[in-house]
Amino acid sequence: MQTPDLKIFLQQVAAGKLSVETAMQRLEHWPYEDLGFSKVDHHRQQRQGFPEVIFAPGKTAAQLKSITRALYQRSGLVLITRLAPEQVKVLRTLKLPLKYNAIARCAIIRKPSARIPEKGCVAVVTAGTADIPVAEEAAVTAECLGAKVDRIFDVGVAGVHRLIAHRSQLERARSIVVTAGMEGALASVVGGLVACPVIGVPTSVGYGTAFGGVTPLLAMLNSCAPNVAVVNIDDGFGAGFLAALINRTGAQ
Amino acid sequence: MQTPDLKIFLQQVAAGKLSVETAMQRLEHWPYEDLGFSKVDHHRQQRQGFPEVIFAPGKTAAQLKSITRALYQRSGLVLITRLAPEQVKVLRTLKLPLKYNAIARCAIIRKPSARIPEKGCVAVVTAGTADIPVAEEAAVTAECLGAKVDRIFDVGVAGVHRLIAHRSQLERARSIVVTAGMEGALASVVGGLVACPVIGVPTSVGYGTAFGGVTPLLAMLNSCAPNVAVVNIDDGFGAGFLAALINRTGAQ
Amino acid sequence: MQTPDLKIFLQQVAAGKLSVETAMQRLEHWPYEDLGFSKVDHHRQQRQGFPEVIFAPGKTAAQLKSITRALYQRSGLVLITRLAPEQVKVLRTLKLPLKYNAIARCAIIRKPSARIPEKGCVAVVTAGTADIPVAEEAAVTAECLGAKVDRIFDVGVAGVHRLIAHRSQLERARSIVVTAGMEGALASVVGGLVACPVIGVPTSVGYGTAFGGVTPLLAMLNSCAPNVAVVNIDDGFGAGFLAALINRTGAQ
Amino acid sequence: MQTPDLKIFLQQVAAGKLSVETAMQRLEHWPYEDLGFSKVDHHRQQRQGFPEVIFAPGKTAAQLKSITRALYQRSGLVLITRLAPEQVKVLRTLKLPLKYNAIARCAIIRKPSARIPEKGCVAVVTAGTADIPVAEEAAVTAECLGAKVDRIFDVGVAGVHRLIAHRSQLERARSIVVTAGMEGALASVVGGLVACPVIGVPTSVGYGTAFGGVTPLLAMLNSCAPNVAVVNIDDGFGAGFLAALINRTGAQ
Amino acid sequence: MQTPDLKIFLQQVAAGKLSVETAMQRLEHWPYEDLGFSKVDHHRQQRQGFPEVIFAPGKTAAQLKSITRALYQRSGLVLITRLAPEQVKVLRTLKLPLKYNAIARCAIIRKPSARIPEKGCVAVVTAGTADIPVAEEAAVTAECLGAKVDRIFDVGVAGVHRLIAHRSQLERARSIVVTAGMEGALASVVGGLVACPVIGVPTSVGYGTAFGGVTPLLAMLNSCAPNVAVVNIDDGFGAGFLAALINRTGAQ
Amino acid sequence: MQTPDLKIFLQQVAAGKLSVETAMQRLEHWPYEDLGFSKVDHHRQQRQGFPEVIFAPGKTAAQLKSITRALYQRSGLVLITRLAPEQVKVLRTLKLPLKYNAIARCAIIRKPSARIPEKGCVAVVTAGTADIPVAEEAAVTAECLGAKVDRIFDVGVAGVHRLIAHRSQLERARSIVVTAGMEGALASVVGGLVACPVIGVPTSVGYGTAFGGVTPLLAMLNSCAPNVAVVNIDDGFGAGFLAALINRTGAQ
Amino acid sequence: MQTPDLKIFLQQVAAGKLSVETAMQRLEHWPYEDLGFSKVDHHRQQRQGFPEVIFAPGKTAAQLKSITRALYQRSGLVLITRLAPEQVKVLRTLKLPLKYNAIARCAIIRKPSARIPEKGCVAVVTAGTADIPVAEEAAVTAECLGAKVDRIFDVGVAGVHRLIAHRSQLERARSIVVTAGMEGALASVVGGLVACPVIGVPTSVGYGTAFGGVTPLLAMLNSCAPNVAVVNIDDGFGAGFLAALINRTGAQ
Amino acid sequence: MQTPDLKIFLQQVAAGKLSVETAMQRLEHWPYEDLGFSKVDHHRQQRQGFPEVIFAPGKTAAQLKSITRALYQRSGLVLITRLAPEQVKVLRTLKLPLKYNAIARCAIIRKPSARIPEKGCVAVVTAGTADIPVAEEAAVTAECLGAKVDRIFDVGVAGVHRLIAHRSQLERARSIVVTAGMEGALASVVGGLVACPVIGVPTSVGYGTAFGGVTPLLAMLNSCAPNVAVVNIDDGFGAGFLAALINRTGAQ
């Protein structure tokens, strides 16, 4: 219930158009209706500007289909991440306009009316080729939220000049996602080159003391560049979401 | 060497005003001069929109004074963090217009001309009173970079209604810094309430299995709200810096 | 040997019906017989009010069948947790009145006479849908021990209003089990809303720095709500057991 | 605002006794007023049956005095934990009826009317003498919340018979707090002897691989006795609070 | 080169039967020949009283067969641990007098002349049934080295009276191996009951925070009983070897 | 109650000299009296052949004096470890025949009649000079329990020949204590040279990734020599105790 | 752009053969062209004396083939590490002169003209047979870079004399690679015997507290021999690369 | 006993000038004398080309003086690291030609004859000013072993162009020491720029998740540049020692 609605509601009570009993019923659930606990998806979209996103792992075929269908009907825009190949087959049976990005392991189902027009630019950078699936998850997510995405892949610090060659691309981004495994140094180096916020995504690329991404995570948290923040290991979705939010800030 | 300078330089070579030998000497160091390695501070300010910040711990009195004086003369704006009380005394001997925030342990020295006009709003939130020093470091930093700051302190999740009462303040911020120790749950709850980016700062508040901030760090990295990014433990400066960058994105 | 038995025993010695030698032999083992080491199951039921529970992983078909049969004959009530599908088939060959909960991965075999009448109420709460198997294990266990169970699922802190909507259910419970993975913040938020003890069960739901449940474990141990205690990762059984014990305390 | 109040409120609007504008103002803050965000202390006492407890470390003399005075005036009962000796001196200047337990490092300030009558019994057990400060914190807290406390100290598992000698004391408790450092085995052994809930408090007693309490924490989380839950390292307050809540459940 | 050989060698030099040059060559390698680097197995048996033991994991069929055959021919006694089922089949093709213990996953191949007569007694204790494979590895190893072994299984601390019932068995052992997973408390309790050395073997039994045996390892390292030493997780072989060495000390 | 006492007790019941009621009262507490819970120290000495040892850290002057006096009177032999200098002064005021070893930080107070005659030999080895305090604690403890001690100090593996030079000393020991910090390799090398049990004591000597003794602990737990068992970091007392127990096994 | 090219370039500008505009365009990218970002492989070979090495895991068949072909054409020398058996089959379809070392899991494809002549000697040592695959990876890499390699396998510290027997081989090496799992002590012992740099490679050989190579890693980092440096767990390639670089230093 | 001595010795036996008995006594200890266990320092110098280095922490004044005097007399060259200021005063009382580097916390005492002539060049690089003490320790050590040292300080990756400006210095070094705390990325970036071996020294510079140097350690171990090896946290001495050894390899 928005503030204007609230005024109308109270005017109706004052005018006797709404009985005290009916008013009480509505008010008892009001903060939750207003917050939408029984209409979860609508409210999330209002509150955060984007509908809920489906994290596929562990969902059964039945769950995946019913949640997808429900979200599609209500918001016209569904993003599903970390899809296993057999889950994609399940989704295709829904006969919805599904676009699947196999590298990102993401699917997007969207009514034409639900497209968010792209404004502003986000860069997504990887240290190596093995980081690309995580980077694509970030890129697809950011595009879904209305950002143009510049992909700059395989520019790790062992050959720092490859990165410097893309400086102009980096400089025109409103925010940058840096995905890197192993020693994760790329986030710091990129952070030092640009003025915009950098979202570091440590990846589980590496072996031995890479500890499944802990090492690049720690490296990024200790970045000597002050414009670097970090998300969970392999969390391309979260990084793309944040980068797009920052980009949207600039678009307002 | 700016682009106009470069044109003049080449015209001088073409015109024979500059010998090939002299030109070669200058060009050999050019990319670095252009990047300003010997004029570090000016270039940082151009590249990132803010001069270098001084991290005080471990600096001797002499080092602190000479770096501060140099930065003040060049950029007119010096931010010094994590100052020990005796270091503040040292700085006061410089007879510069120093403002010291004892809770944040920060000092700002600024020429009137160097003030960045405040635009847009950042919220800085704490779970408890013990998180306030870190939060103040974030707030002072963000103000220094031109953000208005809303301080919302002591709204931890054990009484979640206190937080909800400040929802309108949270909603008008372009970015939010959440400082929390112990279980660090506040970042997730704030993230779920708002649409803007949230920068989580785990603090070393707590004992035993708080492990000096590792527990809130892990909690924030695993936030179920997708709009939360994280910086190092107790890194109020980094969080304030990022929040202000995001705010500035919205101001452009 | 119960106290009445002890009296009879000593009266027999006093009356010469029991020789000193025979009496000595019996007394040498008395404290252990009294504690029932050779009748393990009966004594556990007397000492703790509930027979031993079978933890299925690693048990062979033969072991599982013989332990189940023995416990069923003696106590009429068998709870078996963490059953693999093939172990359920093995148990069905026993032709006992087995009820299997596939989500909880638990089976109950019970003589009608062994039913513990339900009194009082325990709430079992989950942050997400992926936590439901652990929550069901807790719920089944608590029901087995005579508690009514209110299931409140998918009320994680990213949408805190969903939880608040169930406050009256939470308030009528004598104890609450909270299962949550990722950042585990739900235990603190529930703890802050209610006056009863809360048993937190960190789950292995999450990826990367969730570290298989370590992150929600640490978060729950550092809860700012003082009425939260914690059990092992994914230990739904332990949490349900404790919640039912607390509920039983209220029923006495 | 309780349901009866809500009815009256709406009837006043319907009757024109309350203008729409005034009604709107009140409704805007309603859920929070109902939850008492501006009367924090009173609401905590209503919601959880006990006023807020003051954790002394890091509080300044001024903060400590003003919070203590405020809580004393409102609820007549103040519990302050982890007091440093100099903080005790500060509190004495308030001229309130303070009782200080130096071993527990706790102070209680209580109006005669605020005493919670003792009902039921909680046992507090230690493995060694070095665990006594944590155990006393638990005992003082539990007494404060209306539990009688049986102290059973120095009964560690290297001489398990000492513990068995106190079995009748253990059996009459409604809940038991077990404090132990080093290998923390006592919680399991006590758990195996009794039918009531056991709250394990790992202590930082030990050296080397005791890792400041991590080892007994892990041991207690993996207890083979299913009636053991765990709180943070050295958290005597939390354990005593929970034990007293469980005891109170039995008293209702 | 034994001392008698050394005397003969020097007498040959003194007598001119051995030229200075030849003597120099032999002396250059002497300490290593004396230590038998090229006759590894014989020397190990002389130095430590038992031939090398074969750790099967990772060995190919060919390696396993050739090492086994060589050790059998030289020392007449081969102990092979951690055998996979298919490796047992490989060994059977050698047509040697192989005895395979499937629970312990060990094989012994022994000439009748190589049997070490059993003297003295070692106890091998387990907390639960899941620890039995590790315990059997210890028992088989200790028997191989000439110890009688008392197996005392499933006497974990949740029912401490079961253990006490076996006190006389524990007291007659010259050393005791305690295998336990989960909280590993059994080593401390056994250590407190007896006067002989106790070798704790943490096992990987458990889940969640048992961390694959790290928790019982830490618990055993912090035992409050001073007669407990620890070996690697699941290292039944090492524990049985040490227990047998201690037993042999008593037999000399 | 010893077996003879038990016979007399039952004969008194049989003869009517002891009433059934009185007998019942005594039997109820019998197992604990028999185990001596109220005469703790005497029973420990009977059960383990050595009285309780006092661990000084954290004990007040009053506690230290009263425990020492009590143990001295009952058993005539007191070993106190980890004494701070001021605690030694406290103990001297008892006017007992105290011998203080400043390097080992141990004191021994012994009646002439309580001396355990030295038999058999234990070697105590250190990698470096910084390990000597831990080694001396082990040596003093072992001597106290009746072992002769060979001290072999500063024979770390960076110069492995220094160690080999002491091989005959190592070979005549019935058990060996090896103290080493840093990489802790000495335990493996010693273990490979001898046939007797080796007790490894990781020390907190080192910096950085020595992690206060965790590194040598892990190294010793993974020793490729099967005759190495390990105790807690810096636990010279435990190692000396175990080495002496093993030596005593050989002396029986 | 090499220095001679730079001279020519400026002479062309001076001579008017190159317009200022064209010159500006070229200069803008000059530092990157000089560093060769678009000719990655050639530059790596110039900068580091060896072309890029292909790390096979995670590469698709198509990626593997195209990268291999490209590198072969440009540099005539391709080293591919960590090859899975099916990847080897893929490479064989390229019909290039491939040599595959199955134990090292490495392939080398080399034009006769690309062979680096072997000079100087590197020793590669293992503690056990299970370390051989890592050691072979190091050996193959070092040979590829022009080092002769002495393989000294299975000389672990449990029989230190086996190692000492190879001292002359160790002494003639310009650098030594030591691969060891479990307690990793071999690096220290080798380091103490020789004067040249030792590269320690911790391997994931072992179980339990070997923690997949963390234990030998920590041991090697804490080596008491100052001539030991360490690479990542199982990183035979890195160690062989470094050892060959050091050897090459001696060859210049 | 050197080879010439050995010949003389055997000739004396052959000539009857040395009795078999006397010869046997000498030979029994020969390998150790040959290896110099009783002349430790001389042999180390022969074996590794540099005398033992004194690690000052934990050494008493008396120990420090006697070891220093002994080493000075025998080898004429003493390097002492990690000196506390009061230990320097102690050393000055020896009246030896001591040179103290306060930043490196090292002292060198050297006879003019013991100077190793400087050949070849080593670079020592730091990320920040706080890494300089560790870097100076490395530099002083390397100079002591005969390397010229290029110091390149404060070239961290947040401004990567500062580093690139020193490329020619880096390229002329035979080996490079890189000291860096925080995220430790500098080692990878330097490694990617040069062809020589790089020794990474993680420093304990940083806070929070820098974990006292663990983060840069992990980063350096996972360097994507294959020419990086790592030493212990803050181990400037070890890094300088290795860099000088590598430099010496090039000088031979």
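Order as written gives the chain letters A, B, C, D, E, F, G and H; numbering starts at 1 within each chain.
In the analysis below, contacts are C-beta pairs under 8 Å (C-beta built on N, C-alpha and C of every residue); 3 or more make two chains touch, one makes a residue touch a chain.
Just so it is clear, the structure is predicted and the values come from calculations on it, not from any experiment.
K.L.:
With residue numbering as the guide, point to the option in D-E, E-F or D-F that repeats A-H in over half of the contact pairs.
P.N.:
Matching pair: D-E.
K.L.:
If I rank B-H and E-H by number of C-beta contact pairs, which comes first?
P.N.:
By number of C-beta pairs in contact, B-H is the larger.
K.L.:
Using mean C-alpha positions as chain centres, tell me how far subunit C is from subunit E in Å, no decimals.
P.N.:
That gives a centre separation of 40 Å.
K.L.:
Name the residues of subunit G that each touch 2 or more other chains.
P.N.:
31, 159, 164, 193, 208-210, 214, 217, 221-222, 232
K.L.:
Where do chains touch, given as pairs?
P.N.:
The list of touching pairs comes to A-B, A-C, A-D, A-G, A-H, B-C, B-D, B-G, B-H, C-D, C-E, C-F, D-E, D-F, E-F, E-G, E-H, F-G, F-H, G-H.
K.L.:
Mind listing the subunit C positions that touch subunit A in their complex?
P.N.:
Contact set of subunit C toward subunit A: 129-130, 159, 161-162, 164-165, 205, 207-210.
K.L.:
What residues on subunit H touch subunit E, complex-wise?
P.N.:
Answer in residue numbers: 6-7, 10-11, 13-14, 16, 20, 23-24, 27, 30-31.
K.L.:
For subunit H, which residues count as touching subunit F in their complex?
P.N.:
So the residues of subunit H in touch with subunit F come to 29, 31-32, 35-37, 40, 43-44, 58-59, 63, 202, 204, 212-214, 217, 232-235.
K.L.:
Okay, in this complex, where on subunit B does subunit A touch?
P.N.:
It is residues 47-49, 53, 174-175, 193-197, 199, 217, 221-222, 226-232, 237-239, 241-242, 245-247, 249-250, 252 of subunit B that touch subunit A.
K.L.:
Okay, in this complex, where on subunit F does subunit G touch?
P.N.:
127-128, 156-160, 164, 182-185, 188-189, 191-193, 206, 208-211, 214-216, 218-225
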